[in-house]
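Next come two complexes built around subunit A: one with subunit B, the other with subunit C.
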Partner chain A sequence: MSSNETMTQGRKRRTNNRLWALTRAGIMESLQFRLGTFVTLFANLIYLVLVYYLWKAIYDSAGTDVVNGMSFNDTMIYLILATALFNFLEMFVVWDMSRAIQSGKIILDLLKPMKYRRYTFWSYSGAHVMQFILSFVPTFIVVMIVTGGAIHIGLNMIWFMISVIFALLVNFNIEMIVATICLYTESTWGINIVKETIVLLLSGASIPLAFFPDSLARIVKYLPFRAVYDTPLSILLQKNGSDEWLGLFSLWGQQIIWIVILSVAGTLFWNHSVKKITVNGG
Partner chain B sequence: MGDDRILNAGSGGGVSGFSGGVGNGEKGINGANGGSAGTLAEGRRRGLGFYVRIYRKILVQDLKSKMSYRADFIISTIGMIMTNLAGFLTFMILFGRFPSINGWDYHHMLFLYAFSLIALTPVQCFFDNNWNLRFMVQSGDFIKYCFRPVNVFFYFMSEVFDVKGLGQLAFGVGTLIYAWNKIGLGVSVVIILKLIVYLMTASLFMIAIMNAAAATCFWIQGSGYVMVIMFRFKDFAKYPASIFSSVFKFVFTFIIPIAFIAYYPSLVLLQPDSVPLLSWLSPLIGLLFFWLSYKFWMLGVRKYDFTGS
Partner chain C sequence: MVLNSTCNYNILDIEKENNRYFTSKGKNMGNEAIIMKNVCKDFKVLNRHEGLKGSIRDLFSRDYKTISAVKDVTLTVGKGEMIGYLGPNGAGKSTTIKMMTGVLEPTSGEILVNGVVPYQNRTKNCENIGVVFGQRSQLWWSLPLIESFKLLRDIYMVDEKDYQDMLDLYSSLVDIEPILHKPVRQMSLGQRTLSDILAAFLHNPDIVFLDEPTIGLDVSMKSKIRSLIAGLNEQKKTTVILTTHDMGDVDALCKRIIIIDKGMKIYDNDIEKLKSYFGAYRTLKLIFEDGSIEETVIDESKTDIMDVIKQNDRQKKIKDIQLIEISTEQVIKKIYEGGDI
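This part shows the complex of A and B:
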């Protein structure tokens, strides 16, 4: 074994250690706020009660059991898991970055021996892991029990998980691009609310995309937002042709294409913008 | 944000920002500067007029500082309009597929929606500083509010006036007038008075919810989630409370009172022949909720004092 090779291996291990350290720090930080987590869980349950009664009333008034290929159960699973995914995927990149710029801390992050995008992503990974265990998994189990086997249990769960990881990456890239825009505008609240509104509406998180009128649905089809919520949930519910290999691969393919496009665009945008960053003090 | 500039606790520069405007003869401001015992005692006897005057002064300063961040101001306003449009689009998509919900047709639902938008304006405009509370408490900056001879709650809330809420108000009024015409409610002095009283009632409930949610930060760390979730609950205020089963109807009426933000108050206008008792009583209940949330908030302030941070 040449010394060169051991060096590469050592470096690799160091990198992995570094990434794991970031993840672990995130987990510790989330555990700090145990009471907060409990309150969030409870409030989420109440929120789901609201969603349940609203859609029950809607379906009762509709007169038919299936609307646009979605039964009441499908809609409920879709919306509840969309909410759970929302909690799981939620990142505060925009807020954190703007605060880091205001306080000047961003300089320290930029000087770290790691690419800023990568550093940000891995710092959030711990929170994601905790959110997944504390929020997504319990919700998922409750939904499975309540709907009594409406979720098909099989390989679709694994395909769903793969799709969720893609969704995480798409979401991260959208966040990074929006955060980069904030470097220019000095406006965080405004940019963030625009992003949140657009993502929640056009990704199907507030109303399943199946209910959208055709004209709007056609536009949404060509936007990246549906890759965050609609695609994983369609795969789980075996809609949109995802119960066949061809359909499944095309859905994954769309997600991957969006990851590539958004991360290339995001990296270029970030590299261009970071030169213009103005930090007062710090 | 720029707000800190105006009201730096105790520091001369900050106070001059509005003592110049008020004039040195004003007792309250002198109290803020010097904090002598005599002016403090007088502070107890201050009436509404004093508070209105102070509010106006602080408001002007706040608007000035907002205007200096022009890009932020414009983008935030656009953002607010976008949220309202998205909310409206959600509404349209839903009613494009489903003609009625629980016996409520399109125009009646539109009425509820517009009613809730208007009722949510005061909390947006006057009580927006609640969102900053947890940062202030965590960083310790909150202590500055406790050193002034004015009501802490009043002083804290007066610091931010959110102009963006006015866009929502315009949007809501336009929609309400449209729905009003379509339902054919007619116009008379009595009905307009009723509308105003019950809109104010409705807004009291949302203010109470947000006050209580914000005040949790005195006890819980990371309480931002509580506010975010409570703020999301309000999206359901625009649906009739009759969709809930009895248990949850109780919950959303008396514990998290979102049913009062649009449903109960607007029944007074929409079903004048069979108004439930709760609708008539809602102004009183609204005042009670507001008072409770205020007490809860102030309890948090007292607790904050005791930690001595």
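This part shows the complex of A and C:
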């Protein structure tokens, strides 16, 4: 092996090292706030009780056991898992970034020898790992036991995990774009609420997409939001043709296309806007 | 008093002096850490109107005004130099620093930092610089200091051996053992600043920017931090750009200072020359027999001190005489205010 090759390999290894270092720090930081995790779990419980009675009433008044191709059990499993997924995927890029801009602290992140978007993503990754272990996995196990075999355990779990990573990337890109918009508006709260509502509604996290009227469903089909919640849940629950290779690959394909589109758009937007931010602060 | 007329310095004279400095240094190229040539930076700011009506009008307004934060600044900083970069609040110091670090792009002019154009290669430039902002911390708030160090080691891709050497150097300069395992959020301001300075030097950068590193610190911590910076500069030959409002820092650390005011460079030379440059000032303190005290600031190139003493002695009997050297702080204050002491 030539020395040049060893050098590039050494650099690659160290690049991986620094991504892992950021993840590791994120994990350690989230462990500092373990109380928060329990509070989140408790809040979920209350939310899910509400969801349970709401949908029970909907099914009771419908008069049939199956509405829009989903039974009450299907809906509940879907919504509980969506909630768990929400806790895992939730990011605070918008909040954190606007605070960093207001305080001027963002300059310290901009002065790291890494691309800002990359640095941000890997800084958050550790918190996601912890959320997955502390929030999603326990919820999933509870749902699995309670529903007793309604969720198929098999390869779909692995396909689901891959899809979740894609979902994380789609969500991160949406967050980054909204955060960049906030640079211009300088008001974060309203825009963040709008984003949250749109994402939760149009992704199928609050109402399964099967319940959407046709016209809305057609629009939602061409939007990136469903790639965040609906797609991974469909794969886990073996819906939308994901139990066959063709269907599975087309769902993954859609997610990948959205990742590419959103990250290219987000990068261009960010690179253009970063010159503006630095005007403020200190 | 006589002073009003004698204190006004001539901008043109200073320019000449500055240019001489620039060209004489500029000959040995390749030895420069930072080169700035005719750098200008303008900001476009929206003209805001008063009141509710005005605020609504501002939403659609295209009425911008241009503010020049930095005007035609030319300077070079040699490798290993320690420069005091001074100026009153709002003079354009931070803007210059941001341009040197690559966060801001100059409107016109050239900047080279370690031979790299910073705003075009911000990421690459960042590998070779370190920054400390006295008001904020780059450390991971909830983690022990050692974890922040390890993270920075990985982010900057520092060799394990170099990292260990650096830690050894640190422990020879300051007593870091007690703070190494302390979470940053539990640290005192002094400990945190100290840690931030160590963190900025960790990847052995060629240039370190220190923006008010001693702000809010007590006297003993200040001197501790000063000797740490001096030690690191000496051991690692790091170029240091020090921005501060504390002239004690400048006196203790810098040989050369650059003063910027209203976006323009108004002084760039040795700190020793600064005092004589704006006149050979000394304060004469006369204590009279009757207990009254009179203080006079005298420019020795214009007035003879003995004359002043004789003149006073004729009126009242002098009991004691004190001659006080003018401090850097007083000179700088005079420059900022553009005249009187």
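Convention: the second predicted complex is superposed on the first by the 277 of 282 C-alpha atoms of A that agree within 3 Å, B and C clash if a C-alpha of one lies under 4 Å from a C-alpha of the other, contacts with A are read in each partner's own complex, and residues count from 1 in each chain.
Following the convention adopted for this analysis, contacts are C-beta pairs under 8 Å (C-beta built on N, C-alpha and C of every residue); 3 or more make two chains touch, one makes a residue touch a chain.
Computed from a predicted structure; not experimentally measured.
A.B. asks: Looking at the overlay on subunit A, is there a clash between subunit B and subunit C, or do the two fit?
C.D. replies: The answer is fit.
A.B. asks: Considering only touches as defined above, state whether A:219 meets subunit B (first), subunit C (second), both or neither.
C.D. replies: Neither partner.
A.B. asks: After superposition on the shared chain, which partner residues are touched by A:62: those of subunit B (first), subunit C (second), both, or neither?
C.D. replies: first
A.B. asks: Which of the two partners, first being subunit B and second being subunit C, lies in contact with A:103: first, second, both, or neither?
C.D. replies: second
A.B. asks: If you stack the two complexes on chain A, which partner ends up touching A:21: first (subunit B), second (subunit C), both, or neither?
C.D. replies: The second partner, subunit C, only.
A.B. asks: Have a look at where A:141 lands relative to subunit B and subunit C in the superposition and call it first, second, both or neither.
C.D. replies: So A:141 meets neither subunit B nor subunit C here.
A.B. asks: Per the contact definition in the header, classify A:158: touching subunit B only (first), subunit C only (second), both, or neither.
C.D. replies: A:158: touches no partner chain.
A.B. asks: First (subunit B), second (subunit C), both or neither: which does A:112 touch?
C.D. replies: Once the two structures are laid over each other on A, A:112 reaches subunit C alone.
A.B. asks: Measure off the angle at the C-alpha centre of subunit A toward the C-alpha centres of subunit B and subunit C in the combined model, and quote it in steps of 10°.
C.D. replies: It is 80 degrees after superposition, to the nearest 10.
A.B. asks: Between subunit B and subunit C, which makes contact with more of the residues in subunit A?
C.D. replies: Counting contacted residues of subunit A, the larger count belongs to B.
A.B. asks: Rounded to the nearest Å, state the minimum C-alpha distance from subunit B to subunit C in the superposed three-chain model.
C.D. replies: Least C-alpha distance: 6 Å.
A.B. asks: Same subunit A residues contacting subunit B and subunit C, which ones?
C.D. replies: The answer is residues 32-33 of subunit A.
A.B. asks: Of all residues in subunit A, which touch subunit C in the complex?
C.D. replies: So the residues of subunit A in touch with subunit C come to 11, 14-15, 17-18, 20-22, 25, 28-29, 32-33, 103-105, 107-108, 110-115, 275, 278-279, 282.
A.B. asks: In the complex of these two chains, what residues of subunit A are touching subunit B?
C.D. replies: So the residues of subunit A touching subunit B come out as 32-33, 35-36, 39-40, 43-44, 46-47, 49-50, 53-54, 56-58, 60-62, 67-68, 185-187, 189-194, 197-198, 200-201, 206-207, 211-213, 216.
A.B. asks: Touching subunit A in the complex: which residues of subunit B?
C.D. replies: Counting only subunit B, the residues touching subunit A are 69, 71-72, 74-80, 82-83, 86, 89-90, 93-94, 96-103, 216, 220-223, 225-226, 229-230, 232-233, 236, 239, 243-245, 248, 251-252, 256.
A.B. asks: For subunit C, which residues count as touching subunit A in their complex?
C.D. replies: 43, 94, 98, 101, 103-105, 122-124, 126-127, 129, 131, 133, 135-138, 140, 142-143, 147, 150-151, 154-157
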